[in-house]
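Before I ask anything, here is the structure I am working with.
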């Protein structure tokens, strides 16, 4: 595959996470190159979300090593990791529901605004430019018209897009998307795929967990398959699609369904 | 419509703000402030007090009122409810002082609230640098040691607590044949300020004076329901003199536990907190033998008419001493108002207050309704003869009387 | 008039107390520990003015600092606690503080105007906390000729200052960050907000504000004991916030004002004052779950004021007179 | 503390007394635990079921001279009625609101009813501490060096019987199944065909019954009835519940015994004055190091 180690952005080696007796992750190695879109698929309970939680610092790994841009981030807190440039969305949408759409995205910019330096307003930070950025992002995701609505008043599809918008406001180097297409209508899914492809084309590295095979296989440059906390297979979408172990794991679905 | 409402509200507020200012000599009244806890947990003390005050005022007014500046005027009581809360007390004290323009303020019951109220008073008389309030204030209970010495404007008629304990310990020793006690045990209800003060200031002082050591010392809380640990330690000390610096609620619980464990000290003495009918109601046989000081024993012939009136109004056979003290206090105020030479006009209020204070401070040999002569002490406390009461055969009995000596030793 | 000045002073103190609860409330931390910080502020600053003769302003600041330091010491170990567990831990803290102040004794001998030769008064000239006997003789105000009116004015100014702080805070990134932590701690971490830092910061500021209120209270009352700072008091402070509305800083003001004024105005109904108080509390919660003042109300009012000043009529849901969006939550 | 020949005897005796005292705390805490476990709210009005139960016991046994079992039943029924009132006023209309809203509403209920009860006492008796009928005040059992109060034995046995009955209800009846389902989640229980509101009302009734019983027993043990028992019960019951693990019924029982034990032993071993501070300090440390209480289960955040 000609992987150059020099442009590996995220490098997970020997990652394990145990909850009591349950091995949610067991010696998993995943790496992600700069600019690539990596898909993580696997049946329910395969440990996909756990990978995200461990990478973004929401839970501590039992063992293993995570390197981001060459430096170790295993012991850092979620907020620190976000400031280093990893931003994520959540499986169930997590927005600040009582705030407006605009405020949600505006809050996402705190990595640049340094809200405590000095205490209330940020010296050396161009608030006007940040505000313009917010509006640009909202425009890009076509929710500018609803900027004064409360987040809880949005439709589900808009909520998903707002969450991605907010994640992008932190100016991430790596974007982790946890099932971005679940619960969306086909029209919304198509629009989402377009948006994500635009981001990917602009050079953003994306890792996404996806249940929907169309989205996962359509968007990803490379696919990692997890099963029962272990790495089952990885490769290009085509390779993975024809991997017998993967078909075996998705036994509930027929091989044709997967291939379709 | 909305504006009308706003206007009505504003009118109401301004009516509240503009306190009535015209009710002095010309209206035929003299104003006396009064504050008690009339609701909440303190009401059990406040209600008997206000009843005592009201009985006295009705008697005084029925007899024509008070002679001030050559004219008979009625005594008008401005009564407030402080709920035994210090912050309420402070605003009420200010209200009575500045909005109601009363001549003097009587109350309140709880030492804790009295101390807060009186903290606002002037500390040094005639000191232009001291801008504290200048209004005579008198409490009919607030037993905590030293409260009245907080200001020259503050007075009490409940007596000097330390004197009571000093005398009681002497009497107990005398009853014991003058012999020294082998084992003195003390118990303190440590979360109650009056009890703590009584212990720290009075009992400890008296014990030190006699070079007595306590063989055992325990503490409990007012709301405790289990006294087994403390009583076990008391039992081990085999006390012959047991000092309870505690109120009836804890006294009863502790003494029941003592009865259960078979602890029977030869002498048990308590402070005035034991002066409550609940001692007998709740304690039954267990509290028999405890001796405590009282200022006015309810069965004394001198308070017979008051007791009858009190029983008529409340249906109680027992009257606490502080009802009498409140009753007496009203007559004391009448006496002071009549002799101070006040004008009782709105523009002479400040002078009148000063005159009332001076009259109170120089009170000498005033015959109270019981016929005893009272004199004001230097700290603002009236020292008075005390009687000592014991519980025997399911009722309160006099234990020692200043003129009759030991009665039920 | 002095009476109303005292009522105004108490109103200001209660408002500041309500804000001290509100400060950590903004990050979703429901603290019932404010009575403890209130006590620390009261005892610390009163000690400085009464025992050591400090000026009231630095003494109040030191009280606030002491309360904030203890606040940090409480907040950091209890960070892991969630929701009402944290609340209970802070209640336990109040009990500990109350008992400590009930038993502590330090200070100096003083002298009183009255001849204190009688046995009864022999312990009186003690300036400083004296165990269950309390801390009396905090007479800074009368010593320095500060009348109730002046004191009330200073307190009103202080309330305005704290109001400006909260007004600015609620419009700053920091305030929004705190709100974000309140709404969704995990999402807040997800956008790089350090929830632990924000919570501890807000808690310590709340403790410092309670310390300031404690200093003001001690000097107003001239006499304090450890028993004043008990659990009912701390619950009342929380009630001001919840009843007034915990979404904006206006709510705690209203709550404190109503519940300080209600007993004064309802004095005529003397006997049933406490019942009225309880029923008012109950009714507010049943009929207005978000408290009397909600954020939407404040926003609408702001828009209306803006419109009135600029003379411009905005079109849309914020238009004055337009039916309000239904504020029901969940 | 004195280290003498009685030290160990007193240490053990204090422990026994503390555990016995704790059984009353446990009864008070069970009502809290039940409501928290099922609804996730702090029912500050629960203490009022205790106060009213005590009052019902006082009136029925002290005035009407009813036999003890009947007056006990009166106390329990009163507790249930008060709890139903709390449910109707302070919970039902606001059950979807933030958890603080019912808490403050119950606080309002607490203040109002305590004041009303105080007025009732005052108008009936002109005082607020009344003797609670207890013919066995002085009865004690002696085992060698150790003594046990008869009324504590009664209290403990009643507590054991009540807890056994509660367990029977929870694990052996239809209502219990419904309760367990509701505890797992209101929406799920609703989908499974459980009438959630009705079940919650039953939970309030059970809590009220425990409150009423605790009120009767508290009066019985302390020999007195007073209108402020509710405040004391609320504070002690709350701490007990947290100590044992919020929402856990075995936790409430063990927590009560531990709290009673700690209070008396710290009074015995260390200091009377700092007794409460020691108990509360321990509670604080417990919360810091084991936030879920003694018996609670740790819930991980779901992301």
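Worth pointing out:
Order of writing sets the labels: A, B, C and D. Residues in every chain begin at 1.
Convention: a contact is a pair of C-beta atoms (placed from the backbone, for glycine too) under 8 Å apart; a residue touches a chain by one contact, two chains touch by 3 or more.
Because the structure is a prediction, the values reported are computed rather than measured.
If you take chain A and chain D together, the chains in touch with both are C.
A summary of chain positions shows that the Cα centroid lying nearest the centre of all protein Cα atoms is that of chain C. Relative to the C-alpha centre of chain A, the farthest chain centre belongs to B. Between the Cα centres of chain C and chain D there is a gap of 31 Å.
Centroids built from CA atoms put chain B at 74 Å from chain A. Inter-chain centre distance (chain B to chain C, centres taken as mean C-alpha positions): 34 Å. Separating the centre of chain A from that of chain C, both taken as means of CA atoms, is a distance of 43 Å.
Of all residues in chain A, those touching 2 or more other chains are 58, 90, listed in ascending order. Counting only residues that touch two or more partner chains, chain D has 115, 273, 276, 301, 303.
Residue positions of chain C touching 2 or more other chains: 102-103, 186, 271, 274, 329.
Residues 16-17, 38-40, 80-81, 83, 86-88, 90-91, 94-95, 97-99, 112, 115-116, 119-120, 122-125, 127, 129-132, 144-146, 149-152, 160-163, 166, 190-193, 196-197, 200-202, 205, 377-381 of chain B are the ones that touch chain C when the two sit in their complex. Touching chain C in their complex are the following residues of chain A: 56-58, 77-80, 82-83, 87-90, 94-99, 103, 106-108, 110-111, 113, 115-116, 119-122, 148, 166-167, 169-170.
Taken in their complex, chain D has these residues touching chain C: 42, 44, 89-90, 93-94, 96-102, 104-105, 107-113, 115-116, 119, 231, 235, 238-239, 242, 246, 273-274, 276-277, 280-281, 283-284, 287-288, 291, 301, 303. Within the complex formed with chain D, the chain B residues making contact are 39-41, 43-44, 47, 190, 218-221, 223, 225-226, 228-230, 232-233, 236, 248-249, 252-253, 256, 259-261, 277-278, 281-282, 284, 314-316. Interface of chain C with chain A (complex): residues 168-169, 172-174, 176-177, 179-180, 183-184, 186-196, 295, 316, 329.
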